[in-house]
Amino acid sequence: MKYVFQFGIVWDHLPRLVEGAWLTLRLSVGAFVLGLMLAALLAFARTSGPRGVRIAVTAYVEFIRNTPFLVQLFVIYFSLPAIGIRFEAVTAALIGMTLNFAGYATEILRAGIESVPRSQIEAGHSLGFSRLSIYRHIIVYPALRAVYPALASQFVLLMLGSSIVAAISVEELTGIINTLQSTTFRAFEFYFVATGFYLTLALVLRLLLDAVYWLAFVRGHPAEKAWAR
Amino acid sequence: MSRDFEWPEFVFLLSAMRWTIVLSLIAFAGGGIGGLLLAVARTSSIKPLRWLAATYIGLIQGTPLLMQLFLAFYGLAVIAGVRIDPWPAVILAFTLYAAAFLGEIWRGAIQAIPRQQWEAAAALPLSPAAQLRYVILPQAFRIAVPPTIGFLVQLVKGTSVASIIGFVELTRAGQLMVNVTFQPLIVYPIVAVLYFALCWPMSFWSLRLERKLDAALGIKRTA
Amino acid sequence: MNRRDMLMGAATAGAAGVALLAAGSDVAHAQVTPAQTAGGVLDRIIKDKKIRVTAEVTSPPFGILDRNNQPDGSEIETSRQLAKDLGVELELVQVTAPQRIPALLAGRADVAISSLSITFDRAKTVMFAPPHGALSIVIAGAKKNSIKSAADLAGKKIGLTRATLEEATVPGIAPQGTNLVYFDDIAATLQAMVSGQVDAAGMSAFAAKSVADRNPRAEIENKFTVRTAYYGAAVRPGDFDLLQFLRTWVFLNKQNGVLARIYQKYTEIPLVDLPVL
């Protein structure tokens, strides 16, 4: 049997592929923003909260980091309805991605917070700064600068990991590809092109993140001289 | 009516977990060999070698694991004209995946060794290969252990993706049991707990090793 | 530096690829010969004393997991009968619905016996043996979701499994405004229906009955029939020897009533008169 590559079929469906890629992007950015906000809260609680809260946050983080994302999604989408909590597929995917990202981001932010030298924090205390002010003026900037690369990598991982949400019927890039290849039987061509899409998205994302880093942390920031290592 | 989730169903999950472990170990072993080669290639002075290794790692790390799996599963037979059974295709995909990540981790460990070590070894004198073997790698090994164990956890979690192509590991077994019992509220959390039982001890061990290493290197932890 | 290394590597690999192309190798056509022996696939199966058949275990009653969580069902029993009549060992290759044909084409299985309905599209990529069973595709859902005909699907979430007959036919009859939701496995579609994630789903009437029986509280009922179809075994294009054996096999097992017996055992209805392909 001769297998003839027919990439033409893939180009015929290009609009749908772009649609799927667009949803992938929206989900990833949404989960990143929401997840980062949640992680900031949790990282703050983990470093400065009462013991009970610290343990709860640790439990959450360890659970996320030691169970597969796919299983987390199944619990949200298939298990919760049994106790009456029903989410639409896209909502469930967003929630799953947010909670998952926050699990990793909390640890990253925590490491960043703890990397700020104690001497700086003590200086803040002796100047009479409130706890919140210390975070705002002393911790946030250097912490973010220190962990930015790790966060950026995690963002790309988040975007690549979004391919899994097709398993709960979300029609992002992978979901669309699955539907298309199952009706045309051109599995290889579609998966090859989809992989190319993801690679492009990952590269573009990386470039954008690098640009943001340069704008935020390198280019002429007044505090840059103080924190330059 | 539908069966309840009872002991036989739990045993089914456990027996599938066996395949999760086997797949992870084989991919880790194969990926370890590949990763070592890649790490050496990435740090070698032969430019084309560095470039090709970098491209390979960039490809694997820049595309979803699910896509790599699909390509291995559906694509290999087409291009290579080989009849590929489920196991080899899945093992190949995960091994290639592991090789890229381990290669990066170990490259980082090698590059973390200060230049003075290389120079001292060269002054002994040792050939570049011997420098690597007797001076650099043993030190890099210590630095590499915690993140390597961390990746093993990632690998075990990654095997859950094989369920999407019907490979019967723990996650697929969970789906099958849900299909038989219609009790997702019981089955999926149990599957999660089983993965946790598998992964958390390794994560914890990796953390402890990292702390010991930091202490040895004189880094004070504030956590 | 990392990025630059990658770019150089891509360039090097690209250059090597172009050089290969220029050297004249035909990259546009790949030869696939999954079953490679002189004499064809049937001879190989008999020589190896083993036949590999696809098995879908999440498609009741064609493929299920029995009380001991082992594969069972009408198609699986049919596969066992085929192996027995050939005098070889049976190896079941577990697949999900979208993998039935790809597994066959990739050579992971020699025959696909997994309730593959005979359609024009599929006939373009595989060769069908004469049908050995019949099914109907229905829309099924909870009693509280009132759906009496295709028109009522508008505004509802309807679940479908990819690469199945329902996926091929339901979108054609669904009116504008129907929210079609696709899953990669029949198990997921059934679960989505039972848990209320979709209002109704397309599936075989047998699957609907099976789910309804096993979940009385969900009150699943058959809403309406979409179409009926015959299903049969499929082989790779070119495996004519195996196809001819299957033709003969279906003929003989129709005469001796074995196919009817297996069908009735799992579906609980008698087998209709099967046309000849």
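Just so it is clear, A, B and C label the chains in written order, and each chain counts residues from 1 on its own.
By definition in this document, a residue touches a chain if its C-beta (ideal position, glycine included) is under 8 Å from a C-beta of that chain, and two chains touch if they have at least 3 such contacts.
Keep in mind it's a predicted model, so treat the numbers as computed, not measured.
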State the chain with the largest centre-to-centre distance from chain A, centres being mean CA positions. C
Any idea whether A-B or A-C has more C-beta pairs in contact? A-B
Between the Cα centroids of chain B and chain C the separation in whole angstrom comes to 33
Taking the mean of the CA coordinates per chain, how far is chain A from chain B in Å? 20
Centre distance in Å when chain A and chain C are each reduced to the mean of their C-alpha atoms: 36
In chain B, the residues touching two or more other chains are 74, 78-79, 164, 175, 178, 184
Which residue numbers or ranges of chain C touch two or more of the other chains? 30-34, 102, 105, 184, 188, 191, 195
Can you list the chain A residues in contact with two or more other chains? 3, 78, 82, 166-167, 187
In their complex, what parts of chain A are in touch with chain C? 1-5, 77-78, 81-82, 86, 89, 166-169, 171, 175, 178-179, 181-183, 185, 187
What does chain C use to touch chain B in their complex? 2, 5-6, 8-13, 30-35, 57-58, 64-65, 67-69, 93-96, 99, 102, 105-108, 184-185, 187-188, 190-191, 194-195, 213-216
Which part of chain C faces chain A closely enough to touch in the complex? 28-34, 98, 101-102, 105, 121, 125, 159, 162-163, 167-168, 181-184, 188, 191-192, 195-197, 236-238
If you look only at chain A, which of its residues touch chain B in the complex? 3, 62-63, 65-72, 74-75, 78-80, 82-83, 110, 114, 118, 156, 160-164, 166-167, 174, 187-188, 191-192, 194-195, 198-199, 202-203
So in the complex, which bits of chain B are touching chain C? 1-3, 8-9, 12, 42, 47-48, 50-58, 73-74, 77-79, 81, 83-86, 164-166, 168, 175-180, 182, 184
